[in-house]
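Multiple structures follow.
You will see chain A twice below: alongside chain B first, and alongside chain C after that.
Entry: the complex of A and B
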């Protein structure tokens, strides 16, 4: 074999590439890939969370029955009768929420370190697809307990899908081409959420989406290997800085294994503690006759729910689709490969991130303030046509301001990377603000309250 | 006149190759279409027309809520009318408020005529055609909409 390798190192190679489960790793890694403050281990955490999801999910499936008569009681059995069932269900839920949270953090990490540059475009897009699948996995799992929370969250979700009607109504073609109704029917299998919806969501949750996620994850990891490992500053950049000390690759065995074991232990420990301290909620059995007040979706959809309270089509379809299109098109707009591997691409980018954050905070809160304090067009001009509200509301105005800001940054700095940072920071900040408002500041009838202790008592 | 044998054989093999690739693609597409049709629901539990009982069951000058049908029925001394209790925004069940209807999910308000007053709802609540069956029961037809003031006269 290769003459330069000592017996010791050859043994290390064998540990990795003669083991089916470990040969997912490269034989050698670059020290930069193991820097904690670079990756924060987020991708590996996601992988372990997914494993925990599968394990606990299989256990839960043994006692769960996907029928609208039995589902609620079978979940109650899991919580109150099956030994350890409540704990397993809590772990499953916290791992699910963890996957959403860590997926977003991973997206943010990869964006700000320029991980989509230098031929990593495809992998960025696969990553965005994984994020969407993770969200759908969570959403489909949400219906399965068949309690009030589940029923109304999915009723609202399926009607957001049907809000294409708002557009077709304006065009006057709903009778001929009811896209919204078709998507809704395809999703829940009937006109209202019932047994058909439960069967479909169960199938999606336990077979279709996990398999899709596995395939996407495999491609994602394979692409990392093909792209030469986790993103890092290019050789030219490193030479320019003059730091050549830590560019020697070293053998994955055993250093990478220790790092991953540490992440596994921390992840599982966090899950166990969370599952021990906080129970997964189970409300009263689903009642199609009375909506909960307020009826809230899972927290990661509350930003969107806040937006749909302005306009169903704008908030539920236009803005999320624009956001996804923006995410996917980032690597096509920004090709300044030299910026790969450095947080915020340097001090200028770091300053711009803070500026964009402030800009987004101010404009978004301004629109929300106007909306909450003074109402919107319908309160001022009751006869206003819907199309105007659909086009001009806090959601679309924020998006417009973000885009204007990014275009201005592009003019000022003549850098596509800087304008991408501006737009990404603005949208993420806006997303977090709207989500926070949905979680903490909306009460019965979706009215604004400073705290839930001010909610009226019925 | 005649091409050499080996080119003939070559072109036949070529043809068969190309033919089988396209046959596989075509069969795949056709099979997918018929299989994907399975995902479009054909069965439904949704009833378009149903009976809601006799007129005398409904108190006069109030909205009565029929929870299983998601309808508000309003009866006065002249007649009876029925309005949908499903918010036109995102399908939550609305509640009766003092002077109209209120949706708990996103705060859409309607007046007593079902017209949108505020909130994210885009359409007014639909009123449904009522008629009296031979057995004296009121029949609601969700497929036929009427104006808010149209009532079934008693």
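Entry: the complex of A and C
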């Protein structure tokens, strides 16, 4: 009975008040947001994957003991004895890898549709933070089974974390200022992976990182609403591109509800299929005396591991930091808001994407070819100072080439969006190539092999 | 697209996905709930047991559950009984696997509640399906697969094995014990250590049975990639399996090889509570064990290189060959001092390691008994009494003398390398007992071998022949001597005697006199007479006359010297003394190059024969040893007798032999303390 609110609005408010779904979702959504070929539902998939991770994670947590004497056995018991344990663990594992993969896909989608433009800069940065947290969640969980795979992956990861040592060694100041050692110690709590690392990673994996992720996700979703929903072309671009979709919005309840239910069921079904077909790996009990050879970090870090094999500081510090700085700086450098809402921002952008992809493919593979076939400076000049290798190696050279390409595109097109597309495409292509090499083409002693059947027996 | 279309589309996707989901979940439920093998096996088992044997806890058909034991001392959890429920049920003795009762009486002493199953059988106890439980497939990633007979017996060894104890055979461990016997007779501990005893050439075997597959390299293995097969192929041809290995091939028939493999797999120090481990094993882990006798020490540590009957190894089989310890020619020239020295010091650059107790785990008593048994391999089978009653002819004695003794003692006992035996003064003081024991025991420093292969008659004849050069021992002089003062004797000895007899009586230009060999045999009469009257035709003066103005030695003086000698005979000295060295090294050099270098190497480094420039060797042997070895040769090996000569090798004169000794001795750069 307050004077200022009409009956219709009161009905609307009441509707929203009594419905939990509508607390999180906007009352109405633009039909463009539902286009599968626009978003591919990646963000929603990611959200549901997170939900699945929590549910399966809680079940696993009840049966797991984070002590180095008992962890492995508890995981064995989950697999053999806990009813459905095998499936729960498999789901947890594949959903975890799914989360990392889908995070990257979502990042790529948002970038190419320009979803960081028009005031969505903060959300973009939160998204990058979420990416980092997801990677850490996966990495921290990777250690928990305490088998050979886990132990040596994290050992390698911790040593990559100590990459700063290459620089301090070159400068000769490691005794005085050991940044690499500090970071490594911070990560695993000791000089080698042991109980300290397990306890620490368990806490991170189960309390701190999930909470952080929940907070970040909540803010991320809230920002989407504040920014006006899923990104879409502005009115001008709609007319320019010729989008015929109705300008009328749909009610979230029931449309978006059905959409999200469908994606939830699809995601879980896919996970269950994976869980049936593939068992999560569980090798021999972790044994510090016998290293896996090759010892590989989790797949998403294998690109970095490959670069680290060229130069620790370049691959372990310069490139990752550069990558993150680049990602975060994208919305600062590209402010051409008119380009939001369309894939590649038009045909010119699509063409440029292909060109950049080709350019990056060629240059990256060229460097890899030289490295694998002929070696690098240390093979040709055994006494060369390490600093030269640190500064000039496929990692830094790739970055240099990509940046040069992007600058040239900027000059040629005078468009920051185009140059952003150029650099982003090059970077992601390079990332994929180095990761692929690390996954499939590196064998014992990090030698290059075309297939694992060629690996030597020891 | 309008709202309805979207809703319809999403409903379809949701419906299909949901159906797949439901189907998969039902499948998972069925798989987990009804299909596991262990559940089927258990229900099969319950259907087999007659009603009255089901125990009173009300277990009926529907009570299918996981059976597990987690003995705390063993630190593992075993779920084998989930399938193998009939393990303890006597009614199941004839049933097929997996229901069958455990064979034998093992469960009486090893109840499942206390031991579990995998500690003996291997396998993955936490698993509930057969493939994972057996752990034999590579994809199971299980390091300790199920053990099949006969290798299962190795598990008995892990707790019960006492390598050095005389164990009674435990039931069911026949193959394992057989393997232990082979291990003890093949001389494995010569290169390998086990439980603190043995050599350090090869890896320590104490925990060999606990090594997982990852600790072996299967690169060169041709057959099955299992540990038991690796061991078999390794024994067969160690160099092929482990390139760079010095291990000798073990040629055994298949059955014995299996036994040895079973034994090797049982060498372990299990990481379980001590209450589970057998007494013999526990004691050995603590380093407590019974002493071995010489035969056991030899067969366990020496036989692999030195041969099971001490025959040594030819250079074609093993580098420069391994000395034959069972050779008569060796034992009679080697003193026990020399053998002990070699045992304790090893031989520097050769495989012969130092067997000091702190390195080898052998006890000093065991080493002593080994030395004694080596020395006594060709011990004289009779005593002096038997000799005394025997008769022999002078002709037979002469024959023996000319064949065996002449090369050192010269024609007609004139002396050469060896002391002149035809010296009147000598023969008149040396009793038959003295001669008998000197011949039989030898005199190491001078190179007099121990002649133990003569019969009493032959000995009698030989001594009669020697006596033909002089008179028998005199018995008609007083033997009453005053009490001697060894301190005085010490001074007198060093003033008068040491310049010829050596500072420590080890011999120089004069013979060695402060040796146990000599002092044991020489009576007061002998010594007194020799010191005071001297030995005519030699450089030994009669000290009771005034020699070179040094003053006379009266009876007291001689008595003092005798007392000193008695006290210091065979005393422990720091070094093994070489004895006198009258040869010319320069001449010896050319002789060596011409005669010896072909086998012993240009600089004595050893080619087809042992190295002579080895410092441990040179510190261990007296010049007499070298001289005797050269002169007599070593039967059973390729070392010819240079005193006698043979078809391929011309005999060398005693001067030439002395020169060779001098040259060989010149390689010694430092002396090693005993």
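By our rule, the second predicted complex is superposed on the first by the 432 of 458 C-alpha atoms of A that agree within 3 Å, B and C clash if a C-alpha of one lies under 4 Å from a C-alpha of the other, contacts with A are read in each partner's own complex, and residues count from 1 in each chain.
Here is the rule we go by: contacts are C-beta pairs under 8 Å (C-beta built on N, C-alpha and C of every residue); 3 or more make two chains touch, one makes a residue touch a chain.
Keep in mind the model is a prediction, meaning the values are calculated, not measured.
Chemist: Pick one for A:204: touches chain B only (first), chain C only (second), both, or neither.
Modeler: Neither chain B nor chain C is touched by A:204.
Chemist: Touching A:160, do we find chain B (first), chain C (second), both, or neither?
Modeler: First partner only.
Chemist: Answer with first, second, both or neither: which of chain B and chain C does A:73 touch in the superposed model?
Modeler: A:73: touches chain C, not chain B.
Chemist: Which of the two partners, first being chain B and second being chain C, lies in contact with A:317: first, second, both, or neither?
Modeler: Neither: A:317 stays clear of chain B and chain C.
Chemist: Let me test your reading of the model: by the given contact rule, A:185 touches which partner, first (chain B), second (chain C), both or neither?
Modeler: Only chain B; A:185 stays clear of chain C.
Chemist: Just chain B (first), just chain C (second), both, or neither: which does A:290 touch?
Modeler: The answer is both, since A:290 touches chain B and chain C.
Chemist: In the overlaid three-chain picture, which partner chain does A:406 touch, first (chain B) or second (chain C), both, or neither?
Modeler: neither
Chemist: Once chain A of both complexes is superposed, is A:102 in touch with chain B (first), chain C (second), both, or neither?
Modeler: It touches nothing on chain B or chain C.
Chemist: Taking the stated contact definition, name every residue in chain A that is touched by chain B in one complex and by chain C in the other, in rising order.
Modeler: Comparing the two interfaces on chain A, one with chain B and one with chain C, the shared residues are 290.
Chemist: Which of the residues in chain B end up touching chain A in this complex?
Modeler: 39-41, 43-46, 67-68, 70, 89-93, 95, 102-107, 116-120, 122-123
Chemist: Enumerate the contact residues on chain C facing chain A in the complex.
Modeler: Contact set of chain C toward chain A: 1-3, 6-7, 10-14, 17-18, 20-21, 24-25, 27-29, 32-33, 66, 77, 79, 124, 126-129, 132, 141-143, 212, 214-215, 217-219.
Chemist: Using the touch definition up top, name the residues of chain A that touch chain B in the complex.
Modeler: Within the complex, chain A touches chain B at residues 152, 155-156, 158-160, 162-163, 166, 169, 185-186, 189-192, 194-196, 288-295, 305, 308-312, 375, 378-379, 382, 386, 389-390, 444-447.
Chemist: Inside the complex, what are the residues of chain A that reach chain C?
Modeler: These residues of chain A touch chain C: 31, 34, 73, 76-77, 80-81, 83-84, 86-87, 147-148, 245-246, 250-251, 254-255, 258-259, 261-266, 268-269, 272-273, 276, 282-285, 287, 290, 457-458.
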